[in-house]
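Chain lettering (A, B and C) follows the sequence in which the chains are written, and residue indices restart at 1 in each chain.
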């Protein structure tokens, strides 16, 4: 489903990605680990067609990123849901509207305006259902800027689920919640993705969570793929060494 | 305050320049405080004060003033509605974030010649509309169409449309671009990203400013009578011309009451959205 | 649970609000007999076209140019004098109109005094507030007419009207700014034994400086527009020529005067924005 080859991306003089290659099959779930500054967020922005790579090719389900524009680009983008690290909710809108906005890619102008003023009962019911799954149905009419960090996180997840996308990208989705909540949110994400047959890529900085929930782990360091292995082939020590030195093998070997 | 900013003392030439400008301004306005103390001035002031009390509060007259106050209020309201209809598109197309998408982090900011032209046109129109005072616009429309409130509505709508256009565009530019970018990342069009991601962030400030402008519109609408555009101002002006100062005072009292009421309302709206 | 939540919501809430707004608009339009056709009908379009043709090109005879130039200078002078006196009057009124200085709060003189004195204080406070509010609410053109009645036609009447009106506006704004001041530095000053006069000059004015400056420049931009219409009641400035040209259907001269107004107002807006940036 995803094919990345030699992806490079610079911001001014800073190289965020330097030759990333990655293949992900449909329905796969993988964790992207690495220290901050490794290029995880940039990689997500390439994956969801926000940024074009300076060099290299990216294909999503056969669609080449550099070659789509306008409506075609929007049609690809609505198949990819992103849970942003800073949530990026619209503060003055209610939880309901924030979750509804996940479907904007499917609506024409009139429908978009209509749902902003008066969402249909069916839409409200659907949003309510998604909010129940992430456990904050009672915040349906609360303004997003009045929610706690953890609640915002769950609204962002609900928006992504509501988008009904084939690929879900989650950038540090458990960074702003407590450990117990982190476990339940990851359970929710992996479980729903498995049930609905969605592909899931989650970036994490906690090694133990990555090992526990994902069958495949990709380590990103300094804009390069440091390793890409099934979890069972990756020992705890190797992962710990990666977090310390940026390489899965102990230094010196 | 900060270490970099020293307290600037105006240099001698600069102080001299400021003084010269002030002196010229006083000269230009024929500022002669002694004129206030001439026999004529004191006599007229005394006559006004003597004649204005008690205010003329005949039942029929108060009723008439009430009707005129409602005229003034309705005119201000319609003018504000017109101003929003004019100012909203001007504000949207005159704001960088909405037109160029320069603040969207999509990396493909629009920089076409056409969008630039649109942006400059919107800014230019709103500058033109807000620079000619509402009373001048209204007088122009009185000459074009008819006496009565319609020119007043147009005058307020056009002048305030320009002001709203400028302020709306500033408020839209003061938004956080990332939520709109996140909405665009779901495959939404720029149109949808604007209505769902950008506008809701600014809508509170925009509503509060519109409420403030409505308050100003009531004051403006009250003087529209000076160019024959109706309302309570016309009545006050006529009473003034006929030296019926007791009627002037009752008109002013009704007007002050109306403005105070609208201010309370506008303050409440502004607090709600602040 | 789900059904209960849904039943409690009204899906058409937003539309009801819009409908209500439209109804009020319609009611207001009916009340003042607003004639939208005058604007968009054939006559309206025709009238606009004619006026456009007549206003352009603006008349550039020496008399009109002279009027426009002197009018511009006088309007500018009116706006400066009006704003300056407004600031002075506002600074005079504000301490009495502010609650924290005069009625209650940390800065009120704590010396024991009689009931009568307390009531007197309160009366001054209320009186000044009323006065500032009256000056602010009475339209400046009505004030200008009054002063024309007193001192005769000419810009002096306009300057007085603008100054008083601006003073009322500033009196209230400054008082609000004072009431919103952080009291702690002022209390510290008070603790050193500073008199209330000293607190006003060394504690409050410096803290108020940014707010005062930004209000002042904003108001200057308003005042240049108001100064441009003072002439409608014979109180000087460009308004007199605009009114005369409109009243006598001198369209091409009107074009010149409107252009002069436009240039002047835009110039003041730009200058005020620059000064504000430089000083804040």
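Here is the rule we go by: a residue touches a chain if its C-beta (ideal position, glycine included) is under 8 Å from a C-beta of that chain, and two chains touch if they have at least 3 such contacts.
Here the structure is a predicted model, which is why all the values come from computation and not from measurement.
Under the stated contact rule, the graph of chain-to-chain touches is complete, every pair of chains being in contact. The interface with the greater count of contacting C-beta pairs, when A-B is set against B-C, is B-C.
Central chain (C-alpha centroid nearest the global protein C-alpha centroid): B.
Here the spacing of chain A and chain C, counted between their Cα centres, is 52 Å.
Rounded to a whole number, the gap between the C-alpha centres of chain A and chain B is 47 angstrom.
Rounded to a whole number, the gap between the C-alpha centres of chain B and chain C is 9 angstrom. In chain C, no residue touches two or more other chains. Looking at chain A, residues 116 sit in touch with two or more other chains. Within the complex, the chain B residues that touch chain C are 21-22, 24-32, 35-36, 38, 40-41, 44-45, 48, 70-71, 74-75, 77-78, 81, 127-128, 131-133, 135-136, 139-140, 143-146, 148-150, 153-154, 219, 222-223, 226-227, 230, 233, 236-237, 240, 248, 252, 255-256, 259-260.
Across the complex, chain C is touched by residues 116-121, 124-125, 128-129, 132, 137, 140-141 of chain A. On chain B, the positions that touch chain A within their shared complex are 105-107, 178-179, 181-189, 191-193, 195-197, 200-201, 203-204.
For chain C in complex with chain A, the residues that touch the partner chain are 1-2, 5-6, 9, 11-15, 18.
Those residues of chain C whose C-beta lies close enough to touch chain B in the complex are 24-25, 27-29, 31-35, 38-39, 44, 47-48, 51, 73-74, 76-78, 80-81, 84, 133-134, 137-142, 145-146, 149-152, 154-156, 158-160, 225-226, 228-229, 232-233, 236, 239, 242-243, 246, 249, 258, 261-262, 265-266, 269.
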